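Going in written order, the chains are labelled A, B, C, D, E and F, and every chain counts its residues from 1.
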Amino acid sequence: MTVIVGFGEMLLRLKSPGAERFFQSPQLEATFGGAEFNVLASLSHFGYDTRLVTALPAQSIGAAARTELQRHGIAPGFVVAAPGRMGLYYYEAGSNLRGAQVIYDREGSAFATAAAGVYSWSGVLDGADWFHVTGISAAVSASSAKAMTESMAQAADKNIPVSLDLNYRKHLWDRAGRDAASVMVPLLDHVTVLFAGVDDAVACLDIAPPPEGTALEQFRTVAQQLMARHPRLAVVVATFREARSADDQSIWAAAYDGTDLLVTEPLVLRDIVDRIGAGDAFVAGYLHGTFCGRSILERLAFALSADALKHSIPGDVNLVTIPEVKAVMHGHDPGRVKR
Amino acid sequence: MTVIVGFGEMLLRLKSPGAERFFQSPQLEATFGGAEFNVLASLSHFGYDTRLVTALPAQSIGAAARTELQRHGIAPGFVVAAPGRMGLYYYEAGSNLRGAQVIYDREGSAFATAAAGVYSWSGVLDGADWFHVTGISAAVSASSAKAMTESMAQAADKNIPVSLDLNYRKHLWDRAGRDAASVMVPLLDHVTVLFAGVDDAVACLDIAPPPEGTALEQFRTVAQQLMARHPRLAVVVATFREARSADDQSIWAAAYDGTDLLVTEPLVLRDIVDRIGAGDAFVAGYLHGTFCGRSILERLAFALSADALKHSIPGDVNLVTIPEVKAVMHGHDPGRVKR
Amino acid sequence: MTVIVGFGEMLLRLKSPGAERFFQSPQLEATFGGAEFNVLASLSHFGYDTRLVTALPAQSIGAAARTELQRHGIAPGFVVAAPGRMGLYYYEAGSNLRGAQVIYDREGSAFATAAAGVYSWSGVLDGADWFHVTGISAAVSASSAKAMTESMAQAADKNIPVSLDLNYRKHLWDRAGRDAASVMVPLLDHVTVLFAGVDDAVACLDIAPPPEGTALEQFRTVAQQLMARHPRLAVVVATFREARSADDQSIWAAAYDGTDLLVTEPLVLRDIVDRIGAGDAFVAGYLHGTFCGRSILERLAFALSADALKHSIPGDVNLVTIPEVKAVMHGHDPGRVKR
Amino acid sequence: MTVIVGFGEMLLRLKSPGAERFFQSPQLEATFGGAEFNVLASLSHFGYDTRLVTALPAQSIGAAARTELQRHGIAPGFVVAAPGRMGLYYYEAGSNLRGAQVIYDREGSAFATAAAGVYSWSGVLDGADWFHVTGISAAVSASSAKAMTESMAQAADKNIPVSLDLNYRKHLWDRAGRDAASVMVPLLDHVTVLFAGVDDAVACLDIAPPPEGTALEQFRTVAQQLMARHPRLAVVVATFREARSADDQSIWAAAYDGTDLLVTEPLVLRDIVDRIGAGDAFVAGYLHGTFCGRSILERLAFALSADALKHSIPGDVNLVTIPEVKAVMHGHDPGRVKR
Amino acid sequence: MTVIVGFGEMLLRLKSPGAERFFQSPQLEATFGGAEFNVLASLSHFGYDTRLVTALPAQSIGAAARTELQRHGIAPGFVVAAPGRMGLYYYEAGSNLRGAQVIYDREGSAFATAAAGVYSWSGVLDGADWFHVTGISAAVSASSAKAMTESMAQAADKNIPVSLDLNYRKHLWDRAGRDAASVMVPLLDHVTVLFAGVDDAVACLDIAPPPEGTALEQFRTVAQQLMARHPRLAVVVATFREARSADDQSIWAAAYDGTDLLVTEPLVLRDIVDRIGAGDAFVAGYLHGTFCGRSILERLAFALSADALKHSIPGDVNLVTIPEVKAVMHGHDPGRVKR
Amino acid sequence: MTVIVGFGEMLLRLKSPGAERFFQSPQLEATFGGAEFNVLASLSHFGYDTRLVTALPAQSIGAAARTELQRHGIAPGFVVAAPGRMGLYYYEAGSNLRGAQVIYDREGSAFATAAAGVYSWSGVLDGADWFHVTGISAAVSASSAKAMTESMAQAADKNIPVSLDLNYRKHLWDRAGRDAASVMVPLLDHVTVLFAGVDDAVACLDIAPPPEGTALEQFRTVAQQLMARHPRLAVVVATFREARSADDQSIWAAAYDGTDLLVTEPLVLRDIVDRIGAGDAFVAGYLHGTFCGRSILERLAFALSADALKHSIPGDVNLVTIPEVKAVMHGHDPGRVKR
């Protein structure tokens, strides 16, 4: 079975109930998430063999996070129990004209404070078919950035393809006081598949803002520059979103492979349940298409359908199977009750 | 007061909370439903005298189902306490592009295993003004099919009009290993009012698929064949649905009375809360119109409004009164708060 | 800091959970509301110094209401502990074609039965910059109407501007058996800012129904008559609503200042969470614009954005800050997650 | 089947969740209760034919109360829909050294304000085998006291035995401003079975406080006086309670039949779940014993076991069957899981 | 790491909330359990490598059960996806004098209907250090009894020690219509460690009822007979329970090893949270002691402490670690908050 | 009104629901606590004028904490909005033999990282009648220890009495890497009322372990040493606890005033709901007795009753009034329902 390894932080997610603002009720919905964990969990629900390399606190909350890994079928054997706290984020969902709010609280976490050397990359990558990382780990702390750099270099050495989801978090970089571009740009030399939108690429990849134009034209311009600068890159992929309200949006996706710009039709999402993790669901979908040897357009279509489904599911993780994604991709009737 | 008798199985309905997939939380919303029960409960809320003939397990869960009958004002005196389990179904609501899912778990239930002879039809039908059944009872088990056949024959003998909601459940028939048409077609000879869509009629009533055409044309073709073959039939009624998403749909209805095809305007349903039982709400509405001596078009309009309201109410049962249905039928302003 | 005083009743709000009809579950969501309280709470969240003059029962439920005042930062020192019960209302939210339902249960409340003389207006209004009342207090009881009259006269004497939200509640006036116009019209002589729609003005302000025309033309006609009759009035303000369903509506606002009719663009509200208190949120927004010296059109735009946000928040109170309202006013992207 | 009629008010019961004080969470558990309703509901679960004569508000909350009647199998046909509000009470459970708190809010209710003449006693009592009332209805309002007086006189005329649970509520009588004894004492002339403790009898039955002595001696003294004064009385029954904490108590019962004082052994109740309605459960148990022709001691033992079981069940109503009560009476092992 | 294999059915556990009777609220707590699963889950939380051999339905509910296996760290690779339903049980907790109630609903389950041949025992037992079964699997169906027989014989052949928890369920055997003793007695020839109380042994192991005496004397007599008849048996173990109420009980344990009767001190359990699965927690504790090479008395002490802890945890599974069990065993202060 | 100032950190409290272990359900009960906040909140519910000096994060969670201050009537004007996160703790309640567990997560909090100089003590203490601190603030960080030292010195200068609750948290001091005694001992020179048990005093106050003896004898020995060394101390107070289980305990209290050892009777607490904050409730009770000029024994009795009541209330805060505490102190019947 294809083995996918990811590296990144798990977070406790504390959400106010339903559409409530924080602390209207003395309750928080408490689940787990994290960009890389989300991607692996989704791939695990697709049937892949997945491993998360991470550090978790050596107490009950860290143990619960590890249990959550197991629940989603991700191999728990690559978790380092470390000092430090559980990173977390507070989440308040948006509704009609009120946007959603995320408050990160991850400083001092076991992952952020773990020394780069605690991970034994050569063992970890042994037998791996793919390695996935995101820009968040580069931003979290100097030591996590160092570990990420090391891991990507080793993967490249072993000819394991690496995917990187840029996931630019201005807030984290500002706090860190490090220059995002000087960390991120060198990493791209190890990357085969890059997930990056125009604004994020401009913000942290030392890319000139594209000239005025449509979103797709701008994306192509940016992708061309990136592929020119980083020859290992096989494809740059991005998703696009148009919001009529916090609950009613359209999404579509595009990829540039150095030659062609492939673009999907948009999907309309009404009555959105939870959009956190939708980008990670997209990544997992795209990687699945890649592992199956689909065309780039087919990968995008599958990934966008996975992304769409995530909007219907509470929590960070895209709890869907391959047939469920395919049903959306093939335009099934969402109003039919499957009996 | 008009007395309506129904025959069919009550089911425990186990639904994952809100928009969650199964077992995201260790909770299930636990209510009761069942096509015939739903129709009677709705009629009871309209003020009618209703009786459900059924078998329930002779333990606490069966007792709770009986309590639920009472709560909705349905006479509990026609329930047979029997061996066997409580039939149930698991329900996961859909959301935007993710469709809903129902998993039936009704094999071996008290209703399925009760011998046809446990019901004393002549007493049950005594004083009845109407008898309602659905195709589900014919599919559940050979003995329930036998009981249903007997009951319909006796009702016809007593000149009690019989309505039948086809409710074709392929899954149940497949499991049963019996041929649906050979069971269902003879039953139609006792039926006055038939609720049946085109696909279902073709699937289990030994009717030729209609030629290409609009949905309404096809419905008329099918209804004509049925009325020709079963002279007792006074009307064939169907509802139609167009789904933009699991939450945003339009519904309309049509009836063929042997001469005319009557059709309603569509109603637009945004932010659907729960569509299970909407067809049963429609049937109850149509029967009410019939009992009141309304025109077929008026019956359809009332029934469609009842159907629409069901989409706004959690659970299987349409908890609405006649004035509430009429308000929708007369185009009240849904944005007004009634104080 | 600007000091705003309000006079009116707090109510316990008992809502069936989610989209349920009353008592589907043996639970009621239990929060507090009341038109004047809602306005002050919103102004308090905007940073103003607010005081609610009211009477609450001298038992644990009254104490809880007082705690709620404190929670929102409203000065609790102007509450009179009195005999009588806690006024309350039952609330069942609407959904798609089913409208919402409010059942008032406020007769015999501490507020309704408190003698007009229990409030010491001169102390209460000491240092006040603004006084806000609604037509509800005039309807609740003869003694509350008397207290309201007294308070408005004293405020006028002290040159404290008075705003009045007409909030015509037919049901309350009918129960009271008093003629609304004979109570309300004299009060308008003390009012500077009036919030009143056309239908309500006609119903209780002894104003002739306007000739046929657009909603805005009719509003101008009514406002002109009121301003002519009550020279202290500086502006008459109204909101308008168009409902596609209980969940999907558009709102806009207008004001007439004696010369010009100012009108906002409409805002579209999809997937409405809770519209109770939206009018009060509007009033608070308008008053804030007034206190800041904004133009009337700017006041309306801010107020309408506040009104819109309330539709996204469960409960009576608009739990939003000034920057959040401004973001909506300036057309922020509601689909963006603020991190 | 034995037919028992009761007369009294149903109340909405609003309880803070679990062991919380009021409004720690914005939730109230919302069920229905009322002394007479509780007795009938329990008898209905024992299999009796029961009828509640009462008045409920002609709106949705009253309708829900009526639904609750049906759910417990009490005939709803004797309910008068009337103007006025739904009577209610707030309930905060006690825990260890903190006692429970009930706040009544029943003034102005449909029951309290219904004219005595709205009930047609002759029809109501037609076919009745027993009539049950409590002292609460005498206290609620002058009109309910009048209706109660009328009903008891008619029952006595028809030779229907009447049971009265004294249920002295000082708070209600104080509010009412009427002298309890002058209302209650004449009523006793119609009563066959009286449930009354020593303190309550002294407080409202114009009985001299008994001389110092044990609780049982004092009870005998009081019962003797009552039976001497009211020759129709066949038995006076009382329960006794000793509390180690709000959760850990012992209960026992006694009856005086004019000759003997019968006394049960105490039952120890640890981890009490809900003691509201325990007295009503006792009454229902005692009446069942009476209807079965048991000895007084057997009636007490059954009644005390029913009383004990109520302490294990949330809500006002004793949701137990006769076999379950008998199991306790016969000393079953409460630690055994019944499979 | 020690590898423990178990064979048995997983069940969906549907519990009424808190101390409620069934369906007081329209909710059921929905978790998973099953005697063998519980033992393995507890051992997995102790750090062992565990495998459950079972059949689960090939639909979403079966998939959720499998997820639950993973969550507790049990290897999911030995699950057979099969036709048939999910076995389940309804559970109503007891409280003070009201005993708990379990209603099994497991007929027709995937496990019950799976052919004995679907399990490949030789692969399953490969590398196993211990094999655990219970008498429940022998009772569920003829095919599960056959599979169990086969598996035990193979384990014995491979010299893998087998533990058997008798877990006599009269209800299941009665339904099955098979003679328990004729199935169970031959199985004992393969068993090394037997968990069995006196009553159960007499009921299904063809053992003569012991003469009058203390519980411990009777246990010794029974154990002696069993060990004489089944020479492979190394030890017979039993737990004892004395209940003051459903919430307040004492437990202790004993074992007979052919020579000595070892007995623990009792542990007092107040305010019991959930006693389901306590016996399975005991078994897991005993096996752990065995794997560690402790004395029988130490095994019993550890097992009883694990058993005690289970009473404090909701659900079937004993979510405790070895240090937590040891703390109880060593008499830690349960009133201290561990910070 | 007496004005009490406190200095210390507020914490978000995240508790697993009911008796569940962490993350059995994806929910956390989310309230606020903190030793000094708890004391002030309790005093505020007693009617005092209270002020909390603290630092809270300048984001929505900090704002919610501030709202919580207001809710309990604590003046919010002394809160500094600062960078840094919200300190929090995870709490898992114990049950029978399983002890409770608290996991602190307060490093890097706004309070811990705020510079000592952000508080303007002279303004803060202006008008204060009492100043309360705990040893926790000395342990949290060097800067909070410095702020605490400064504040106590200033209070002493202004002759404002200072109370100190030792609250030794080994875990915090270990993490901090500072020597507790070297920080704490000098602070005692400013303290008038000290709350400290024997073990804590020995652990962090540089006091020799007392010779063997009863708990009370040891307490007297320790208190004597402290009072000899710190002449400003007027009294040393301690509580004692004996636990039969996590739910069933006894508590009592003692004080040494330099001459006499005053000791209360024990109170038995069955079915404990929540013991967190009980010590803070005791402190608030003792201070109230002090402010009222009661004897030391009366102060202890009132304080112990307040402490006892806290065990019946979920959350950190003792939501009780003075009359409620007095009722316990005077031995009211906890089994009586107050109507």
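The rule is short, and it goes like this: a contact is a pair of C-beta atoms (placed from the backbone, for glycine too) under 8 Å apart; a residue touches a chain by one contact, two chains touch by 3 or more.
The structure presented is a predicted model; accordingly, all values stated were derived computationally and were not measured.
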Chain labels contacting chain D and also chain E: A, B, C, F
Contact-graph separation of chain C and chain F, given in steps at minimum: 1
Most distant chain from chain D by Cα centroid: A
Chain whose Cα centroid lies at the greatest distance from that of chain B: F
Approximate Å spacing (C-alpha centroids) for the pair chain B, chain F: 62
Computed distance of Cα centres, chain E from chain A, in Å: 42
Centroid spacing, where centroids are CA-atom means, of chain D and chain F in whole angstrom: 45
Junction residues of chain E - those touching two or more other chains: 18, 24, 26-27, 67-68, 101, 271, 315
Topology of the chain contact graph, where touching chains are joined (line, ring, star, complete, other): complete
Chain E to chain A touching residues, read off their complex: 67-68, 70-73, 76
Touching residues on chain A, where the partner in the complex is chain C: 18-21, 24, 94-102, 104, 169-171, 241-249, 271, 275-276
Contacting residues of chain F [partner chain D, same complex]: 18, 267-273, 305, 308-309, 311-315, 319-320, 324, 327-328, 332-339
Chain F - residues contacting chain A, complex: 14, 22-23, 26-31, 59-61, 64, 67-68, 85-86, 90, 92, 101, 103, 105, 107-108, 315
Touching residues (chain side chain B, partner chain F) in the complex: 24-27
